[in-house]
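Contents: one structure, followed by commentary.
Labels A, B, C, D, E and F are assigned to the chains in the order they are written; within every chain, residues are numbered from 1.
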Amino acid sequence: MNPKLEPHKTMMGDNPMLAPRYCGVPTFMRTPLVSDPTLVDIALIGVPYDGAVEARSGARQGPRQIRDMSSMMRAIHHVTRINPYELCRVGDMGDVPFNHIFDVKASHADITDFYERIRRAGAFPLSAGGDHSISLPILRSVASERPVGLIHIDAHTDCCDEEMNSKYSHGTPFRRAVEEELVDPGRTVQIGIRGAANSDECWTYGEKAGIRIIFMEEFTKMGVDNVIAEARRVVGEGPVYITFDVDGIDPAFTPGTGTPEIGGLTPVEVQALVRGFRGLEIIGADVVEVAPPFDPSGNTALVAATMMYEILCIFAESVAGRR
Amino acid sequence: MNPKLEPHKTMMGDNPMLAPRYCGVPTFMRTPLVSDPTLVDIALIGVPYDGAVEARSGARQGPRQIRDMSSMMRAIHHVTRINPYELCRVGDMGDVPFNHIFDVKASHADITDFYERIRRAGAFPLSAGGDHSISLPILRSVASERPVGLIHIDAHTDCCDEEMNSKYSHGTPFRRAVEEELVDPGRTVQIGIRGAANSDECWTYGEKAGIRIIFMEEFTKMGVDNVIAEARRVVGEGPVYITFDVDGIDPAFTPGTGTPEIGGLTPVEVQALVRGFRGLEIIGADVVEVAPPFDPSGNTALVAATMMYEILCIFAESVAGRR
Amino acid sequence: MNPKLEPHKTMMGDNPMLAPRYCGVPTFMRTPLVSDPTLVDIALIGVPYDGAVEARSGARQGPRQIRDMSSMMRAIHHVTRINPYELCRVGDMGDVPFNHIFDVKASHADITDFYERIRRAGAFPLSAGGDHSISLPILRSVASERPVGLIHIDAHTDCCDEEMNSKYSHGTPFRRAVEEELVDPGRTVQIGIRGAANSDECWTYGEKAGIRIIFMEEFTKMGVDNVIAEARRVVGEGPVYITFDVDGIDPAFTPGTGTPEIGGLTPVEVQALVRGFRGLEIIGADVVEVAPPFDPSGNTALVAATMMYEILCIFAESVAGRR
Amino acid sequence: MNPKLEPHKTMMGDNPMLAPRYCGVPTFMRTPLVSDPTLVDIALIGVPYDGAVEARSGARQGPRQIRDMSSMMRAIHHVTRINPYELCRVGDMGDVPFNHIFDVKASHADITDFYERIRRAGAFPLSAGGDHSISLPILRSVASERPVGLIHIDAHTDCCDEEMNSKYSHGTPFRRAVEEELVDPGRTVQIGIRGAANSDECWTYGEKAGIRIIFMEEFTKMGVDNVIAEARRVVGEGPVYITFDVDGIDPAFTPGTGTPEIGGLTPVEVQALVRGFRGLEIIGADVVEVAPPFDPSGNTALVAATMMYEILCIFAESVAGRR
Amino acid sequence: MNPKLEPHKTMMGDNPMLAPRYCGVPTFMRTPLVSDPTLVDIALIGVPYDGAVEARSGARQGPRQIRDMSSMMRAIHHVTRINPYELCRVGDMGDVPFNHIFDVKASHADITDFYERIRRAGAFPLSAGGDHSISLPILRSVASERPVGLIHIDAHTDCCDEEMNSKYSHGTPFRRAVEEELVDPGRTVQIGIRGAANSDECWTYGEKAGIRIIFMEEFTKMGVDNVIAEARRVVGEGPVYITFDVDGIDPAFTPGTGTPEIGGLTPVEVQALVRGFRGLEIIGADVVEVAPPFDPSGNTALVAATMMYEILCIFAESVAGRR
Amino acid sequence: MNPKLEPHKTMMGDNPMLAPRYCGVPTFMRTPLVSDPTLVDIALIGVPYDGAVEARSGARQGPRQIRDMSSMMRAIHHVTRINPYELCRVGDMGDVPFNHIFDVKASHADITDFYERIRRAGAFPLSAGGDHSISLPILRSVASERPVGLIHIDAHTDCCDEEMNSKYSHGTPFRRAVEEELVDPGRTVQIGIRGAANSDECWTYGEKAGIRIIFMEEFTKMGVDNVIAEARRVVGEGPVYITFDVDGIDPAFTPGTGTPEIGGLTPVEVQALVRGFRGLEIIGADVVEVAPPFDPSGNTALVAATMMYEILCIFAESVAGRR
């Protein structure tokens, strides 16, 4: 059986991944643009939504810039020598369509609907946001059958009860996800957490709920290898969802985001983390909070695209291994 | 009677308008920051809201950047030699506070509430947006007693019935304002309109309703002086509200906006327009759609601040003349 | 007969032109991405090539940024009320594939080959460059049967004999096109020409060859309407190719280009020109020299995309009228 | 006794720290704007002066951009759980007013005069520059009674005797401060020093005077914890002034500065340093050399604002403990 | 006699003006770098000084960026077909050296000293600033023998008596120049003046002194041709100095300046003005207030470089005609 | 014998290195501009060529921006206290002249010709690119007598056989250099290698050829000191060429490059590496792939200039020691 997906042919006729990086209509990683989810094992999806942001908006433009910069990606990983396209059928499913962009709940419902079509087709989603609120409606599909483990790289726990008098802002999704039993707090680890708060509930909630929070300072002291071991211990066996907010990284590397917090992780560290999660049973992942207006250079989106590629490698290996 | 308002004293003790432009906490035009609307004749107000934008957001950050760049303003107009601060008490009332930023209608209600306090105190508002949807809740206060005339400079008529399935986006406020009898379509003129549309209703509505639309091409052919005469003919006697969307100007001059349309007005032309409206009975005005993330240089905000100052001059003269 | 082309369906299922502008994989004007040229009447094509630039390169990235910004376009022209998508089948054919990007002649051959497939299918090309050298290999296809008339908006005549010791740089294409009898110099008009030169041959060649050069100064003196009349007189009856170099416009409006010359046309003027060419027998057109690295804001590409749309309107009307 | 300062009320009536970050007139950390220094324990002060810069100017605009970005700050520190606003009354005293901005000595006198008013009122200053020359006139007030210890984070020792034939440039303040017996060289540590020089006196002066210089290379070898221990050993008991030049950090993190030196500290390291100085008797501090024109993104100012917040936490604890 | 100056030879051996624009060490217009003023008829000089700026500094970096962008210039003017290098020996004399950059008067003396060497050698200066205060010390040399006529293109009259308590800021040079009898107010014309002021003395001084001020509004009404005629009438016969502040142009074209005023001249208009001054007895000229930090794109410097070239053409013709 | 080279005198008469950084025509490190290679021991050379780039071009503009930013350099190294200008005569030889910029092989021949003149004069080159393809024609001169050792810092091995169907792109130079016996693979070390590839030949070639590749991950694990030791072991005795591609560093520090790969080295690490190569027999070096359009801030060029200075220090010591 050949798992490779036929590339979306234009008149070029060639493999778009071999063309110069600046050529062609940009799909994620220059994979084929497909509309039928049964054609893919892993679906790359854009979620251009930032209606739940309380600080600086702009993440609605994230999927476009990530697609554009993702043309810099290539096939074979230089460390693991994984070629995800040999392991799985990978395609770009386009963006989630929205019907009521000015209504948070309705938009979240649009997201869940779209992911349900992916799930029912047997495919797994790797998404590009969008603000972090999108993880909740994605999880409502991906984790609809049982709570999942969560690896969460971020400056913020996103576990507030309310933000700006709303239960559904980008500062609250994982509290909701725990409450809705989509995420198992005992199998949840949050890495890179830092930055002041007006109330300490964003940290104490998780501590009480059983979430393992590795603050930035603990990360620095432990070192990457120990953090990987600890995260693997926490998530243990079973399905895992990976969510990566680019503000987990220091804003010198990812300035294009709405709520930057200085003193963050480096890309070297996050790459090491992701590679350290090889072998987990990954059932979905997202990269969120890329806000292009704050980084017209595209470097933030390049970090996001590369992290999507890093995740794709271990994700494809995991999916292929479960077949 | 001395109409001048005592400047907000810091330890500086001096008139902030005489300090170097980069000094001090930036209020609009370096006017005093006041909380009591009875202390002012004209209230400068920020409306940091962009929750009704369907394209590129960012106008929520507009008031801050406009305040910052407005320090470049000075007192005496070089053409009319009007010094608005000699004619009226002018102060910065801060920003409208919002309680439910993720809900368009609730946010609009917050705006109207704030402006009602201004109105009841007998002051007149000159506002900085924010997206163009804010004009509607402002008019609900300013025009609560009778429909007003409207001078509307913009690339778009903002008279759609719905946008993205919503009646209250930044593409619909003046249709609503006509329907709610806040604006008299027969006393309304729209200047600088241009750009393609997916439906022609945005143009035909106004034509049917009796709005005088001066498309960009007609503007070029008529010339500024004739446009002024026509606009004055349309609005005639009675109270007039001026609303200026910075995308009415060509994006070379005002790139920091969410929905740029090339081929627009120049600042020279808009300054001439505003000066041409001298003597009208102005009861409110706004400058909207400055989206700082798309122009970190601040030049768009400088255009907006200068237009606020241009309007302030004729506004102060009008208010002083009515006393 | 229904001339409309079915949009490229993703799971969205909707007309991409009605979605928010920041959504979806960006094709030119959000038209369907097609690989079979018989499905379209007008083919939108990207030519990501800048290997013949002697100054600042970057135009290889032009098609991507133009596609991205072209999502701001909509269907109905506000002046002519033309909807090109009602008149013709319009699709994005992707980018020309290149086999030897380091070799100018080979790259030009790749371009001609691609356009020959379009021509043989009976479709007409509207292209986005790329540097101006691409017009030559395009004309080798489009004008292969007889010399065509040429409307050329630019700061430079691009009629040098050699540049940097090469006959095929972006400063020479129209000299070659005349020599190769692709372009009829007697039916050629160049508009907006300006800027110093180290030799006056770039101007005297055209004068001797019978090309009508309207320098920037003459343009200013004549006014747009007279320039349109003169251009129509020059090109007369018969097939016409329109080539628009964005450096014809002043760099305040189009900074994203490799060889800016101050003191240029305004977008208002170029829009008026294009609309003035309504009714000509247009057989092809291009918009070139958008170099995104020099304008990360995308405003230059927005100008280019809007001019493509302006041309598309008169082009579609012309093609529909010839059926 | 309630040490909290009543927030500067606008019509909002709310705690500005709870509003969205982009709202309101930006004061430092969204603290109240006050003019009476007896109302505060710690005075946040802007010093918009860069008249003593020999390289690239722009730091005069620093206080504004730092104020703007400081709205991203919140109350409770995530490591120490210190809430400085619970410990001390903290307010924004505005900017130092200048009478002769073209005269370095006169400007320095204006600075000292302003700080004397703070000092006489019993408050302690936390300042945002401005170029590094401002530390000298600040110390002339803060250290007027006895020499103080100095913790100095910077790429440069700022201990030249003369720069551009001047004794009072931004490269000389700490040599003057030692000479004027404002700073005790035996209780002075300089951290992060690096970059070539045309004379080695900038390094040898301090070595001879008894200053402990920890060059960047030594910092890397020692590690943060040992540097903290060494710095605490040097400053020992007694009052300490902290001065942080943002060019101590690598310019990838703080590009908005006039004299960048590559190969610098990271924000993670500087945050660790500041937290390591908890418990010292801090009597003043400044953050200097933020030059916004070189970083319109505001990320440099975000680093500066966050470091001000980090310092504020240990400063407030120190001040509260001394009451 | 051959007036051409041998180009500064590097190993290239070629005429640098024929190399690609991005090659070589950038001198003004790629002319030879010379140290002996007797070798040139017209000396191109950089004056990297902005110590007299009260708003945003940065013009100290102007000469470098103008030199860099001036490589885009070529030899033959497309309208007049003047080749200034055929008419005069033109060379880059480098930058004025400064001994006391923190002292305005001393810096002005350094400027005058440098220009006296030029003048004594019989050469004429064409300068690139630097802030506008530099025109005064230049005039102290150039106009040392008799008052000269002045053509002054600017948003501001720069005729304040004092600015920030100083007689020698960039807002005062031409008042001083009249007082010092360097400039004949009756032969002085100021074009493009606009923008509010805190006192009207900046306008009334000139009116009383006999200066002809053409405000922006009058410029628009008169049209370029009439302004040229009026300016020629004012300056009449005799030596003329041309001073061009880039803020005379609208900031969309020249954002890189410290005191932008919207609503200004266009490059097309200023080019027409300069060409209209052909035949005047030009004895010196400067282009000032290019502040690169506010326009990293270099487009402002391109405007400045092009205006230097435009002036050079009429200057060289004038100098050659007087020989 | 006095090895110092007389600075290129302008009328300034002073040592340009002591002037403010923004003054003067920018040569590399503010060294004299010389045309006779016998006057220097170490020749600083610009190679403004990027015709062999397959991704984003722009490195043709590298030498100019590096020269500009190199004015920030000074004489004495703060760690080693080496003053290279005391040890060697160092001058700026200008840029390589190109005759056929559109032809890769001809351009490479132009480079070799230029370097042969340097070599024959007994000088050693320290170059600023340009794309990485330039190292091959430089080595054809520098290594013409025997294969040399190579220290190669980069994200990519640049050892492809072909790229875009070309043997001479910027992805192939070191494969060609090994084949042409210019470089001894057994004395070659590549440091910082990372990023995915479409074929693994770029890594396996070197492994088979005997090149020591230290991938980024191994670098992180080994630490700088061990990497230095390993590199010294590999290159051993004999002549060594150092080639530094700025994309070896993480793009947060060096965004201005055409093929950024996240997760790279830091400037602190690269500075440590270079200092660790003190004492090697260096016979040439280059710093390549600075593409200014992608970093208008100049910070990338500042990194490049500083690395040139770091290399210059150990290079001068090596050259002086061999005399």
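Just so it is clear, contacts are C-beta pairs under 8 Å (C-beta built on N, C-alpha and C of every residue); 3 or more make two chains touch, one makes a residue touch a chain.
Model, not experiment: these values are computed from the prediction.
Both chain A and chain D are touched by B, F. Of the two chain pairs examined here, B-D and C-E, the one linked by more C-beta pairs in contact is B-D. Separating the CA-averaged centres of chain A and chain F is a span of 38 Å. Centre-to-centre separation between chain C and chain D, using Cα means, comes to 55 Å. Annotation for chain B: residues touching 2 or more other chains are 20, 22, 54, 56, 60-61, 98, 101, 164, 250, 252, 294, 297. Pairwise, the chains that make contact are A-B, A-C, A-D, A-F, B-C, B-D, B-E, C-E, C-F, D-E, D-F, E-F.
Of all the residues in chain B, the ones that touch chain D in their complex are 8-14, 19-20, 22-27, 33, 35, 37, 46, 48, 60-61, 64, 67-68, 92-95, 97-98, 101, 114, 117, 296-297. Considering their complex, residues 50-52, 54, 56-58, 60-61, 98-102, 104, 164-166, 168-169, 293-294 of chain D touch chain E. Chain C makes touch with chain B in their complex at residues 17-18, 20-22, 72-79, 81, 250, 252-253, 266-268, 271-272, 297, 299, 302-303, 306, 309.
Residues 54-56, 164, 193-200, 203, 215-217, 220, 250-252, 255, 259-264, 294-295 of chain D touch chain F in their complex.
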